[in-house]
Each structure stands twice: as structure tokens, then as C-alpha cells.
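Common to both upcoming complexes is subunit A, partnered first by subunit B, then by subunit C.
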Partner chain A sequence: MIKMILLEVKDLKKYFPIKKGIFGGKTYYVRAVDEISFDLDKGEAVSLVGESGSGKTTLGKTILRLYRPTGGKLIFDGKDITNLAPKKLKWYRRETGLVQQDPFGAMPPHFTIYRILEEPLIVNKIGDKEERREIVHKILEEVQLPPEEFTFKYPHMLSGGQLQRIAIARAIILEPKLVIADEPVSMLDASVRVDVLNIFRRIQEKYKMSTVYITHDLSTTRYFSEKIFIMYAGHVVERASTQEILNHPSHPYTQALFEAIPNPDPKNRFKLREVPPGEPPSLINPPKGCRFRPRCPIATEKCEREPPEVEISPNHFVKCWYPQ
Partner chain B sequence: MPNESILSAEDVRLYYRTRRGTVKAVDRVSFKLKRGETLAIVGESGSGKSSLSRAIIRLLPRNVYAYDGKIFLNGTDIMKLSKEEFRKQVRWRKISMVFQGALNSLNPVIKVGDQIAEPLILHMRMDKNEASKKARNSLKQVGIDETFADRYPFELSGGMRQRVVIAMALITNPDIVILDEPTSALDVITQANIMNMLKILKKEKSLTYIIITHDIALASELADRVATMYAGQIVEIASAEEFYSNPKHPYTQKLMKSVPTLRGDKELESIPGSPPNLINPPNGCRFHPRCEYAMEICSRKEPPFFGDEDHPVKCWLYR
Partner chain C sequence: MSVSEEYSLRGIIRELLHYKSAVIGLLILLFLVGISAYAIFFTPYSKSGQLWNEREIWLKYPKNAAPEWVNYFSSKKLPRTIFLGHRKEGHSEEKLRNGAITELIYTDKFYFDADDFPDDIIIFVNATYARSRPKMEVYWTKPSGDTLYLGKYTLRNGTNRIYLTNNVRLEGDLAEHVIKKIGKKPNFVISLNRALFISYNGKLETEKGRYSARLKFTLRNEGDKVSYETVIYGKVYGIAGTDDQRRPLDLGLIWGAPIALAFGITASLIISFVQLIIAAISGYYGGRVDSIIQRLTEVYMILPFLPILIMISLLYGMSLWKLLLMVILLSIFGTSVKTYRVWTMQIKSYPYVEAALAYGAGNMRIILLYIVPRLLPPIVPTLVLSIPSYVFLEAALSFLGLSDPNVVSWGRIVEEAFSGGALYKGYYHWVLMPSIMLVLTAISFALIGLALDRIVNPRLREM
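Then we have the complex of A and B:
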């Protein structure tokens, strides 16, 4: 089967300038996304895993062209969208959707749920009143919220889990080709998290949307995606199928993540975890070469040069001089 | 007396007064804690676990409606102490606490060392030089170079600031340390480093911890015993071994099944419905509207604790 590529990301960069000193002074850059490349197939679900400050949210927003890339290329469905002006991006907005972390902050509090979901249809001049009503009802059923019960409620009347489902409904109501979900369940209680992820996954498969699930929580990814990308300090350091990453994590950083995540096991309290000390570097002045080098247990002098991305087995890429 | 309880709570209540009614955040909670033991209290947000910790260390908001019950510390009922006595004898000296998100409430304009020394000056009436010497020492204990005493909080990373907050809680040499979501804002590797440190400190200083968390997996990093809290009540307590291998309360069982794990092919389950509001909790067992085993009696009568002393469960199934 030939896979169709939906999105090509080539050497993508996003730097944010910061000025030091009152009178202009020298300009520094926060290099949040630094030369990242990958392809996203049609209908594919990918998890983007990284710690806070690793640049995963910036990568998501740059892909959506909410930020203008500093360098590199973004090709969506064969069209180069890297430098399109906002006015020329309207069609792209229709093809993409975003679900954010905090559903409470993402909803206008004075709109009813009905109005919130109808809005994107009105803006895009879709259907008449009756048709729009049908679409809204259908999408509410997809996220398993009975329309008769929810259409005329306001956001504050819903629980976090329900509201996040509305956010998902809003993101997919125009049936976009690409959805980015940025930590969609990290504010929810564990018991609700499962529900929201399952519903999202079902819709993703049904509508064959390409999805990027951005998360810091490696343990939820296998319930959602076929592929995992691991990000560290602005770089994607490892990417492979979910099974492959779970069975053969190869980058020392990925391995450290696995060592750090506890499973519920009463024996945990008797042992210390072998995790690297320290914390991720500042992105203003990241270490030369491999950015994980200062914390890496197996680093050598060679690591002061930037490691290439090597394919250690089919479709398993690792950016490391010494993949394990 | 290694087996004697250092802390024992009996029928502790903490209700808040709000415009909508009385919030029963902690509703007749009892537990015992042995010296050197770690108790984890797990539950979803809004289950009253943070309120319980505030009830123990008696740091209460203004709108308290009811605050009663007994809390014995080394055999004395500290609920009988006056405000002043409690402040002088118990809080920070005997029981200290690491608050949730405290790493972000360090004073930005005071040097880290001075902030750590403050409890000593305020609560132990120590002189400044001695206190600052001790502060440097305690920084070393939590794995930070003592030169950082002269830095300001913004110069420290998140993990380091969390270590500073832990150093503050330990500097008065308390018997009991309450840890409220001690790693909630941190990355997994930093979290593992902090947990390692807490394990080492516990051994070195024979500390007694109460760790409060929504994360059942994280609780297993420290807990000797685990208690499940639901809607203001403890519904099950057991040794960690029992709790993780043989959870009895239907709520605990569900909670366990909702934890995603890295490997294995466990199907994740969710808990239908949402936690009740604490102003008007359901009659009978508070979990009955969400419970798949609910019987007629569950909606009518609140269950007492059943089962043996080592593993009590507040559920009619174990009658």
C-alpha cells in the first residue's frame, strides 16, 4: 500500500528573538524548534513527546502556521505554506484544527455550546440554519454528549472532561485533514482522561484525520498513536513506530524517560531510579553538538559535534552518535 | 516503641462555609501512622485530600464552618491546643509541609538561603548566623551546592526550586513531613530525581511522610501504606503490597484500571460519571451512583468499615 503524505516538515526552525539591555543591545534567540524534519501520512496519528520547554508546543503551532517559521519548509498536500501571508492561509485554517490544554480558557464563557460549535460553520458559510443544526447535533453525538442535554448549556456548566470533548468537537466540525492536540488530557483526572482519549482516537480513525498528539506523558501515547516522536531541547531525537519505541528505545534520553516513569508497583519504594541528573538546557544557549550531552551517561568528545539522524532499523530514526 | 503510632486521626472533620452551602471537604476521617512509615493519600481532584493535609497542620482558610475530631501526635491530642500553642509546639517543629506548587511561591526578592533560614529564626528563635549556616547545610542535603544560598529564586531551575522548598520543610527537623503533590509541575526525569532524594532523606533522617497525590503510580515510589480518598472520606487503607495487588473498594479498583502503563496490554477503563459535589454528597455510600456493584442498601445507608484491621474497606460488599 502506498502511503500518501499529507504534511512534509523540512529543517523547520522557529526562533524567538529576545532583547537584552534597555537600549536595544544584543539580540538573542530562543531556539525552540531547531531543524526538525519528518513526514506525516494521511490518516496517521503521531505522538510528540517532550518535557516542558522542549519546544513541542512551538512545533505544533508552527505547523499550524500560527507562527511564521524562521527557516525550513512546510508542505501541506503538495502546497508550500511556509511563508504564505495570513490572508492567503484561510483555506489552511479550514483544513486544520487545534485542541488546547485548558478547555476552560479556550471557550467564550458567554456562548452556549450550540453557538460555540455553530460559529466555525457560520464563518465558513456552510449550510443554512437547519443544515448547521444537523451538523452540530451529529458532532455532539460523535463526542458522546447527548445534544438535547448540552446544546443550550454554557461552558461553566460542564465538567473539564465534557468541555474538552466540546473542544474536540469544535476542532473537527469542519472535518479538517490535520488536527493538533496539545496536551488535551493533562488537566483532566485520570479516570476521565481515558474516556477523552478513546473518543478522540475513535473519531480520528473514523474521519481518517492526521493527528499530532502533543504530550509530556509517554505512558498515554500507545493508546493513541501509531508513531512516537521524542523531542529534547528543540530537536526530535528519536522517532519510530510506537511499538518499536516501546520495545527498543535507542536514544539515551528516551531510555532515561523510560527509567523515570513509575508503574504502580509497591517494590518501587525500595529502589532508586537510575536517571541522569540535571535539567534540560536553556534554548537561548544550548550545548554545542548533542544537546543531551551534558546529562548523557555515555557521552564522549565526539558528541560535541552535532549527531546525524541515523536510521538504525527501517523507519526507526535516532539522532545520536551512539544509538543503543 | 517502633510500632507505636506517631500520628493518629479520629473522626476529623473540616467543613467550609460557602454561599452555596456547606462544603464537607473532610468528613470524619480516621487513620493511624507509624513512626518512619509513609502513608500515601490518593484521590481525584476535589476528593478533599489537600483539605485533609491542611486540617492536620491546621492551616485553615477563613470560611471554616466546622473543624473538629481528634488528632494525636505522640499520644497528645493536638486538636486541644490553642492557636498559639499549636503554632509554637507543632507546626513546622513537629509537622511540616511541602505545599503543592510551592516552588512558584518562593519570594522573588529574597535570597534562597535567607528563605530557608526563615523558619529557624521565626519558629526556633535561632540567631541569624547560625540559621544561615544551617540553611547552607540543608541545601547540601537536598543536593544543591551551598553557594546557591546567595542566589535568587529566578536563577534556579524548577527542580532546584522544588528542592529548596523541601529543604525549608526539613530544616526544623520535623517528625512528620506532609508532601502535597511534591512533583506535580516537574518533568518526569526531574520527578524521578526528587523522588530518589526523598527516599534517601527518609532513610537518613527516619522521617515519616504523608504524600498526597492523584497519581497512583507515583504514590508507589514512597508509600508503605496507601489510603484512597473519595468525596471527603477515606474509603480504603492497606499496605502498599495489598493495595496494589488486591484493591478492594470498587472505586480503588476502577482507579487502578484507569492508570496507563508503558507496557503490557492492559485495556484502560474509565470511571463513569464524575465525582460528587461536596455540598450535597449522595446518601449512603458516596460512590454508589458510579458503582457497578451498587446494591439497594448502598443508596440508603452509609457503609462502615469492613474487613480486617490491616485492610479496612468502607463498602457494603465486604459485610
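Then we have the complex of A and C:
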């Protein structure tokens, strides 16, 4: 089967300027996303894993063109959307969906659930009133919320899990080709996380949507995605299929992440966990060469040069001088 | 102030009724709206201003009369206005014919029991005649039986106004008569209106009892006609008294109500909403738009509001609605723009705005449907509280003589009282009544606004 590429990300950069001094002075940049490249196939689910501040959310929002890229290229369905003006992006808004982290803040509190779900349809001029009603009801059933019970409620009357399901419903109501889910379950109670993820996964498979699942929690990725991208300090340091990464983590950072996952095995009780010392680097002034170098246990002088991205096995890319 | 609490406007109104102060405020407001509706319904405002400037139509009202309720607080009872004439109580007619000459004798009996003297007496006579002018003789009988002859007057065609009390010769004659009756020269001036009502006990007191006024008309031609009305002007009138142009203040206050409410509410609503939208645009777009709006606001903040308004009014002599427009234009970049801008920036950072961007909502849609509705509940108290300040502004501008001469407003009545020397001459009601209306308006909106503030800002509730 030939896979169709939906989204091509080439050397994508997003720098945020920081002005210092009141008279202009020197402008510094936070390099939140720095030269990231990957392809996303149609219908493919990808997990983007990294710790706080590694630029995962920025990457997500830049892909959605909520941010204007500083450099690189974004090609969606064969069309270059890197520098399109907001007015020319209307079609792209229809093709993409966003699920945010905070379900409570993600809903305009003065709208009813029905209105919240109808808004994307109104904005994109889809259907008349009656058709929109049908779409909203269908989508509510899709996320397993009975429409007659929820349409006239306000967001504050719903629980976090229910709200996140509404957020998913809103993201997919336009039947987009690409959905970016930015830590969709990290603010939810542990008890409802699996439910929400299962609903999301089922819808994603049913509608064959490409999905970028942004998370810092490696343990949920295996339920969700075919591929995992590991991000560190604005770089994607390793990308491969979920199975491959879980079995052969090759970047020292990935390995450290796996080390950090608690394993409830009595044999491990005396094992001292090796966690890389230090903190993620400042993105204003990142270290030369490999950004993981200051914390890397196997770093050498060679690592002061930018590491190449090597394919150590088919479709397993590692950005490291010494892939394991 | 935080904008995180959620309120629907309907919920706010429901909760408002739990506050006694708000209910009182609403009742006062209801009263003001009621009289405004009455005023608009019976006299459109363009007409009321015209009527107010008319002199003739107020002729039958007393001059500088105090409100009637003054009598409840004073041991000295002030007289009301008494109307005598055809079809009035105590009226009787006699007709004597002598060839072509007809003599009509009209007698009006009335009861007078006030402690103070009436002001003026005017006889309004309508006469139509063919050749010779009709004559009128006036006789005045006091309760004691003393009859005074008040002179003979020749009538003209049409309406004659006989100012009895302006007759200087008659005044002298009557004063002499009174001195003779008393027996010595009293230590007060005997003016005509006093002579007609004074008791002969040597003190400045009225004689109480049944008076009668007799008018004898002599008509010389067949078919000549006369009709008359005698007005004995009192010193109290209505619930608000009258001014020096005999205009009843209660009418002025009623006519002023819709103007005050319209001016205050329109100014407050438009200014608040325009400020809100400007602030939302400023806070939402940020960058250069924000800088321009903020600098403009700062310039506006140091502009001397009142002097500019006075200058423009003096140069162009503005009507009330142009004045309103000027007030609005001079206020839309007010200080509140800064406050609302900060709230906008807070709301703008909520994820739902980003979500709206992600599904393609336009900027104006986000401002108007996602941000402005969230700012509305917290500004409602401010909006309500600022209504009286605009009512006062209108009054203040009127007081400074910048009012629209074709509009009756409370401020204009105060201004007329001031220039009429009301306080100097002791006509306190003239200043008091419009001021009471202004204060009532302020109290009404203040009570409602403060209750709203407590609802929208629950943290203030217990403090």
C-alpha cells in the first residue's frame, strides 16, 4: 500500500523575539522550534513526546499556523502554507482541528454546548440551521454524550472529562484531515483519561484523520499512535514507529526517558534510577552542537558539532553522533 | 476586578430583586420612567420647549408661588389661587334692560380663609360690541359687609386684561379708606391686594369669611356680549410651585424627566459600549493598533473636557442632541478604555480564543462574540452608576447657560432660578424641586448600580 503524505514539515523554525531594553537594544530569540523535519501520512497517528519547554506545543501551533513560522516549509496536501496570510488560510482551518490541554478554558463560558459545537460550522458556512443541528447531534453521539441532555447546558455544568469530549467533538466536527491534540488528557482525572483517549482513538481511526498527539507521558502513547517523535529543546531527537522506539530506544535522551518510567516490579526496589543530571538548556542561548550534550552521559568533544540525523534502521531516525 | 465569574444578564436581574436597596432604586426609576412616558405621551419634547417659552399661556398661574404642601409645615396658611366667573361655584347673574342699554350684574361669592394675602387680581374680559364700548364697574364686599368700589373700566373689543392691583389711584383711595376704618395709620404699607383682604383690627391680618365680587357691565348696543374670568392669584400652586414667569414647575419637572433620562442613559450606554469595543480592539490586536489607541486615550485623558465643551457650545450654540454627541465624542477614549483593555488581554489569553482561531473564526467575530460579551457583566454596574453623572453633566451645562433654549431640562430650571435670584428672594422651591429630581435620579441609579456591583463582584458583599 502506498502511503500518501498529508503534511510535510521541512526545517521548520519558530523563534520568539524578546526585546531587551526600552530603546530597542538587542533582540534575543527563544528558539522554541529549531529546524524540525518530518512527514505525516494520511490517517497516521503520531505522538510528540518531550518534557515541558521542549517546544512540542509550539510545534503543534506552528503546524496549525496559529503561529507564523520563522523559517522552513510547511506543505499540506501539496500546498505550501508556510507564509499564507491569515485570510487565505480559511480552507486550512477547515482541514485542521485542535484539542487543547485545558478543557475548562477551551470553551467560551457564555455559549451553550450546542452553540460551541455550531460555531465552527457557522464560521465555515456549512449547511443551514437544520443541517447544522443534525451534524451537532451526530457528533455528540460520536463522543458518547446524549445530545438531548447536553445541547442546552453551559460549559460550567459539565465535568472535565465531558468537556474534553466536547473539545474533541468540536475539533472533528469539520471532519478535518489533521487533528492536533495538545496534551488532551493531562488535566483530567486519571479515571477518565483512558475513556477520553479511547473515544479519540476510535474516532481517529473511523474518520482516518492524521493526528499529532502531544504529550509528556510516554505510557499513553502506545495506545494511541503508530509513530513516536521525541523532542528535546526544540529538536526532534528521535523518531520511529512506536514498537521500534519502545524496543530500541537509541538516543541517550530517549533512553533516559524510559528509565524514568516507574516499573511496578518488586525486583526493581533496590535499583537506583539513573536520571541525567541538570536541566533542559535555555532556548535563548542553546548549547553548541547537540543540545543534550551538557547532560549526556556519553558526550564527547565531537558532540560540540551539530549531530546528523541518521537512519539506524528503516524509518528509525536518531539525531545523535553515537546512536546506541 | 476579575472577569472570571460567570453571569447571565437574566440571572443578574433576578438576583437584583433580592436587594431591598435595589428594589427601592428600581421603584424610583419606575416613577421617573412613568412621568417620562406621561410627558412624551401628552407633550412631545419639541412642543414642550416651545410651550415653556410662551408667556401668554401661563398667565392664569400665580407668580413665584410655593408648592402647596408648604401649608402643612407652616402655621401661616398661604392662599391658593381662586378663579371666579361663569359656571363657577358661587356665581349668580342678573340682567336689567333699559331700552337699548343692557346692564349685566355678575356676583361671585367665595370663601377665603388663608392667613396671607393673595398676590394679584386680574379680570380677563372678552367683549364684543357693535358701536359703543361696554363699561365695567367692580364692587368688592368683605365678609364684614364693607363694600369697596374698585373703579369703572371701558372695555375694548377682544380680550381685556384688567390688572386691578396695578391701579395706583385706586390703591391710594383704598389705603385711605382702610386707615379711616382702622382709625390710625398702621406701621405697614397698605397695597391694593392687602386693602381688599385686610381685617380692620389694626394688624396685618386677613379677614376670613365669604367675600363677594360684583361686576356690573353696561352694554349699549343690542347684541353686545361680554364674558369674564376673575383670577385671584394665590401664593401656593401644585406640588412644585411656579416660577417668576408664572410657569408651573411641576410641568417643567415632568417635561424635564424624559430629557434627563434620555441624555443620561444614551450618553452612558453609547460611551460604555464604544469604549468597550475600542478597548477590545486595542487589547486584542495589540501591536501598532494598540499603541495608537493607547496614545490617543492618553491625549484624551488630559484634554480639558468642560472648557472644550463650553467653548464649542458658545461658538456654535448647540442643541441638546448635538451637545450629547459632543459629550460622547469627548468621552469615548476615556480612562475606562485602559481598564477594559486589560480585561480584554486577560480574556484573549484564554484557550477558547485560540480554539476559535483554529476553527477559522475571524478577528471581529472573536472580539464581538467571544470577548465583548464576557466584559459586559462587569461593566453593567459602572454603566448604571455613570448614568446620573451624565444627567448632572447636562444640568451643569445648562446651569452654565449652555442649554438648548428649546428644551425644558431640570438644569435649565435651576439656571433660571439662579438668574431669577430665587435664593436671594426666598423662592427656595424653585431651586429645590429640580434639585430633588436630580438627586432622586442619582439615588435611583446609585442604589441599582451598587447592588449590581455587589452581585457581579461578590467579594465586596461581605465588606
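Note that the second predicted complex is superposed on the first by the 316 of 324 C-alpha atoms of A that agree within 3 Å, B and C clash if a C-alpha of one lies under 4 Å from a C-alpha of the other, contacts with A are read in each partner's own complex, and residues count from 1 in each chain.
Just so it is clear, contacts are C-beta pairs under 8 Å (C-beta built on N, C-alpha and C of every residue); 3 or more make two chains touch, one makes a residue touch a chain.
Predicted, not measured: the structure shown is a model, and the values here were computed from it.
Clash-free side-by-side placement of subunit B and subunit C is the outcome of superposition onto subunit A.
Contacts of A:E148 after superposition: neither subunit B nor subunit C is touched.
In the superposition on chain A, A:E119 makes contact with subunit C only, while subunit B stays out of contact range. Once the two structures are superposed, subunit B and subunit C can be ranked by residues of subunit A touched, with B on top. When the shared chain is aligned, subunit B comes close enough to touch A:S52, but subunit C does not. By the document's definition of touching, neither partner reaches A:E301: not subunit B, not subunit C.
By the touch criterion defined above, A:P276 lies against subunit B but remains apart from subunit C after alignment on the C-alpha atoms of chain A. On the chain A superposition, the C-alpha centres give an angle at subunit A of 80° between subunit B and subunit C, rounded to a multiple of 10. Contacts of A:V192 after superposition on the shared chain: subunit B is touched, whereas subunit C is not. Least inter-chain distance for subunit B and subunit C in the combined superposition, rounded to the nearest angstrom, is 13, based on C-alpha atoms. Shared contact residues of subunit A, touching subunit B in one structure and subunit C in the other, are absent.
Subunit A contributes residues 51-52, 159, 161, 189-195, 197-198, 216-220, 222-223, 246, 256-266, 268-269, 272-273, 275-277, 279-280 to its touches with subunit B in the complex.
Residues 6, 8, 350-352, 354-362, 365, 370, 373-374 of subunit C are the ones that touch subunit A when the two sit in their complex. Only residues 61, 64, 66, 89-90, 93-94, 96-98, 100-102, 105-110, 119-120, 123-124, 154, 156, 167, 170, 174 of subunit A touch subunit C when the two sit together in their complex.
Across the complex, subunit B meets subunit A through its residues 38, 44-45, 157-160, 187-193, 195-196, 199-200, 214-224, 239-241, 243-245, 254-256, 258-263, 268-271, 274-275.
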